[in-house]
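Labels for the chains are A, B, C and D, by order of writing; each one numbers its residues from 1.
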């Protein structure tokens, strides 16, 4: 129970991310079908994004879009005259991990697109997407394969 | 291979879990990442200073396109590379050259009733999607969204044309030459605004110096600069999302699609 | 303008790539001058930056002008070490660009040549960006740029095995980059910072330094970059990718990609975690040096078993990565200097060997070593350059390879790591055997009589008349290699020699940069005397 | 952030991840992956990362699925594992 309180309860998100990431990574290494490997890759990458997003969570915080408390007051002050503007950072979720993860999502879809294009190219050459069949065809050699 | 994979996965998992006990509690606003170590925290700085530095209420947009705009420029480049790479790998005719045989299948005269329903529904939906996408691009300063999300939606609207009618119909609106140029243009807008700052003798991507260009004060110039680069991002993402779909769905021949 | 150099050297190839996309998709002849111009601008900027760094110390550049407070923006930082590497990246990029004047495959210009050039330039942007940045997350973004362009370049070729190799490269590369990303996440979780200098100053705090999270972060980053640099057990993606990719692509991937990953490892060790933290326990460096020993021996001996020239060279890269990792982990001054110097020397000699190998493979009508018969006499200039590269790989005096091995062995002796010293010497011997085997075939035009080639000409399933036919065919198409292929090769050979001849000044720059680096605790031996 | 909601989604995430890797019909697997992405997007929205959630909804659940389907359409739908 002590273990549960110390390790599992306050960190359940991190446990979940590790489990998802390992599911994805296992598929990337072990699966035979290339598309299945890519599905594993998607899961692997989103798990890392889940980890980053979990870092930035604050209990009871709002989304990181600042409220307009009193627009007319805000506009009458020049920015320099009103340095802090009474924004409490604890009221807003941490924006930095979100920014980083936008990049990671974009990288993820780019990699996926590239990998799918390569899969189609492999299918054109080998007429299959099963890794063991491709390797068997390479071993046999054949027209255009043993370059 | 199976066992090696399993062992590697178990080892990595154990390694990752070994640190979990040391993590700050989930949701703790005073954790090092949220509250910083010592008296300074980068993320708190962003929340407290974005308004006065850039006048953008959406902190994520401000950090994305200004404080860490250099990352985002390369993020756009990553998308661009994916599109160019996929064309390089799959395309079987010269880019910008001749296209496949033109026998456009018009959804309404096809005689296929399902196609009529889908075609007309999409015809109604696509303009709405596009307007919403433009709204998302333009309203990224004040609400979630921005160049990426809007660009993906705009690209998706062209993909929807390709899905509901056929690829030729989509390519007639957004030809290969156009999407390559638009993709280049998007990155060029982003990097070009950076270069403009450099030519005005400030650091790369320092939009504050563009106040004369935008006829406003330096802080508002940052806000406008953020909008300008978001538009660039949206261009590239729109073009590349459609380019990837067009090539994947036709095995690089850009003829019929799915 | 001189304070804008760090941005210029990155922006020039980026705009070059965009300009090709807008101006000439489909016309390689218009694309090539743009490539040349943008890389020349970049090279000029890196050289100017190097002189500036040598004369007046490290240069900091803040993107977007976000300098104060430190860490809110992205910082570029150039010191002696990465200024040197930047020059080499731009130079090798330019040379290989000239080599691939006709597009990716060094043959007739293809329709895809402009797309190849776009990816090529963006690969240069990625490599330059990785080297110059001072932000831990920014490294990830640029690593992805370099990786995605590499996947595209490898998969562009017509070889089906190249396409399969590209797929494996994607899987391994994604795991590597994701591990790096995760490591940065762990660091961020514990320190709240992404700027390398800032993380470094926070890791110096005892409560942060002792934390398990930082340890796991370090291991994740280390494994991630090891995958990217093909360190021994994690090298699986490399040989096929480099063997079956288009020749223009292999001319830039082989010399630079693994080397830049080694640089990232050294940068993370020195500037993020700090030598004092990394080398706090001797057991670690001992373990890594042992791994490096295994990598060197395995790479060398697998190379010995290869029958294809480019594959053999690819396995030698795996061995060379072992040199650099081992040197960096010797935890003393000369080991680190040797590792950094070897990045430069190895980049030059790998460039030289791969360019020569590409010419040989093209003119010999196949990649097998036994097809190289008589090529030395037909192409004496190419042969000379190849010999220079090979001698550097073996470690013969005036070349860069000799001096790097010298510093690495000196470091190994000072650290008392005898297995590492033995592995270096043994690997030199293996390299000598390997290359003299090639010299023998290529110069004297007969098959080696030793046991590595137990195929007599008639017994390998290929009937002898047909074999003679292919030989006659290749001699029939005995065109001289083009000037645009030979000139960069000669320049590369000259570079190998220059790195050796000017080893003194280069090592002084590296030592100066090491001394200028902030160190904590037990790192005194690294700074040197 | 609502802890119970969080935990339920996390459990569903693990379930959908496993299903999408177990199903032998690749089209089905892609659909389950799309559900996975959508759940992920819900989770992030609930954690306050609205921009990330928005992007994931557009990219992960939307465009990625289309790309995968386009590839599966031109290759083989059945997987051996």
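Definition applied: a residue touches a chain if its C-beta (ideal position, glycine included) is under 8 Å from a C-beta of that chain, and two chains touch if they have at least 3 such contacts.
These numbers come from a predicted model, not from an experiment.
Participant: Quick check: more C-beta contact pairs at A-D or at B-C?
Facilitator: The comparison resolves to B-C.
Participant: Using C-alpha centroids, which chain lies at the maximum separation from subunit A?
Facilitator: Farthest by centroid: C.
Participant: How many Å are there between the centre of subunit A and the centre of subunit D, using C-alpha atoms for each centre?
Facilitator: Roughly 12 Å, centre to centre.
Participant: So how far apart, in whole Å, are subunit C and subunit D when each is placed at the average of its C-alpha atoms?
Facilitator: Taking the average C-alpha coordinate of subunit C and of subunit D, the gap between them is 37 Å.
Participant: Compute the distance, rounded to whole Å, between the mean C-alpha positions of subunit B and subunit C.
Facilitator: Chain centres of subunit B and subunit C, defined by C-alpha means, are spaced 31 Å apart.
Participant: Just how far, in Å, is the C-alpha centre of subunit D from the one of subunit B?
Facilitator: Those two chain centres are 19 Å apart.
Participant: Note the residues in subunit D that touch 2 or more other chains, in rising order.
Facilitator: Within subunit D, the residues that touch at least two other chains are 1, 50-51, 55, 59, 63, 67, 70-71, 74.
Participant: List, in ascending order, every residue of subunit C touching at least 2 other chains.
Facilitator: Residues 137, 141, 144, 148, 151-152, 155, 163, 182, 188-189, 194 of subunit C touch two or more partner chains.
Participant: Would you please write down the residue numbers of subunit B that are in contact with two or more other chains?
Facilitator: 16, 21, 23, 27, 31, 33-35, 41-43, 46, 58, 60, 64, 68, 71, 75, 78, 81-82, 85-86, 89, 144, 148, 244, 248, 251
Participant: Who touches whom among the chains?
Facilitator: Final set of chain pairs in contact is A-B, A-C, A-D, B-C, B-D.
Participant: Going by the contact rule set out above, which residues of subunit A touch subunit B in the complex?
Facilitator: My answer: residues 6-7, 10-15, 18-19, 21-22, 25-26, 29-30, 54-59, 61, 63-68, 74, 79-80, 82-85, 87, 89-90, 92, 94-100, 102-103, 106-107, 109-111, 113-114, 116-118, 120-121, 124.
Participant: Using the touch definition up top, name the residues of subunit A that touch subunit D in the complex.
Facilitator: For subunit A paired with subunit D, touching residues are 12-13, 16, 19-20, 23-24, 27, 31-33, 35-36, 38-40, 42-43, 46, 49-50, 53-54, 56-65, 93, 97-98, 101-102, 105-106, 108-109, 112-113, 116, 119-120, 123, 128-130.
Participant: Under the definition above, what is the set of subunit D residues touching subunit B in their complex?
Facilitator: My answer: residues 1, 50-51, 53-55, 58-59, 62-63, 66-67, 69-71, 73-74.
Participant: How about subunit C: which of its residues touch subunit B in the complex?
Facilitator: Against subunit B, the touching part of subunit C is residues 4, 7-8, 11, 14-15, 18-19, 21-22, 25-26, 61-66, 69, 71-74, 111-112, 114-116, 118-119, 122, 125, 129, 137-138, 141-142, 144-145, 148-149, 151-152, 155-156, 163, 182, 186, 188-194, 202, 205, 208, 211-213, 215-216, 219-220.
Participant: Looking at the complex, which residues from subunit B come into contact with subunit C?
Facilitator: 15-16, 18-19, 21-24, 31-38, 40-43, 45-46, 66-71, 74-75, 77-78, 80-82, 84-89, 91, 93-97, 177, 180-181, 183-185, 187-188, 191, 194-195, 198, 202-208
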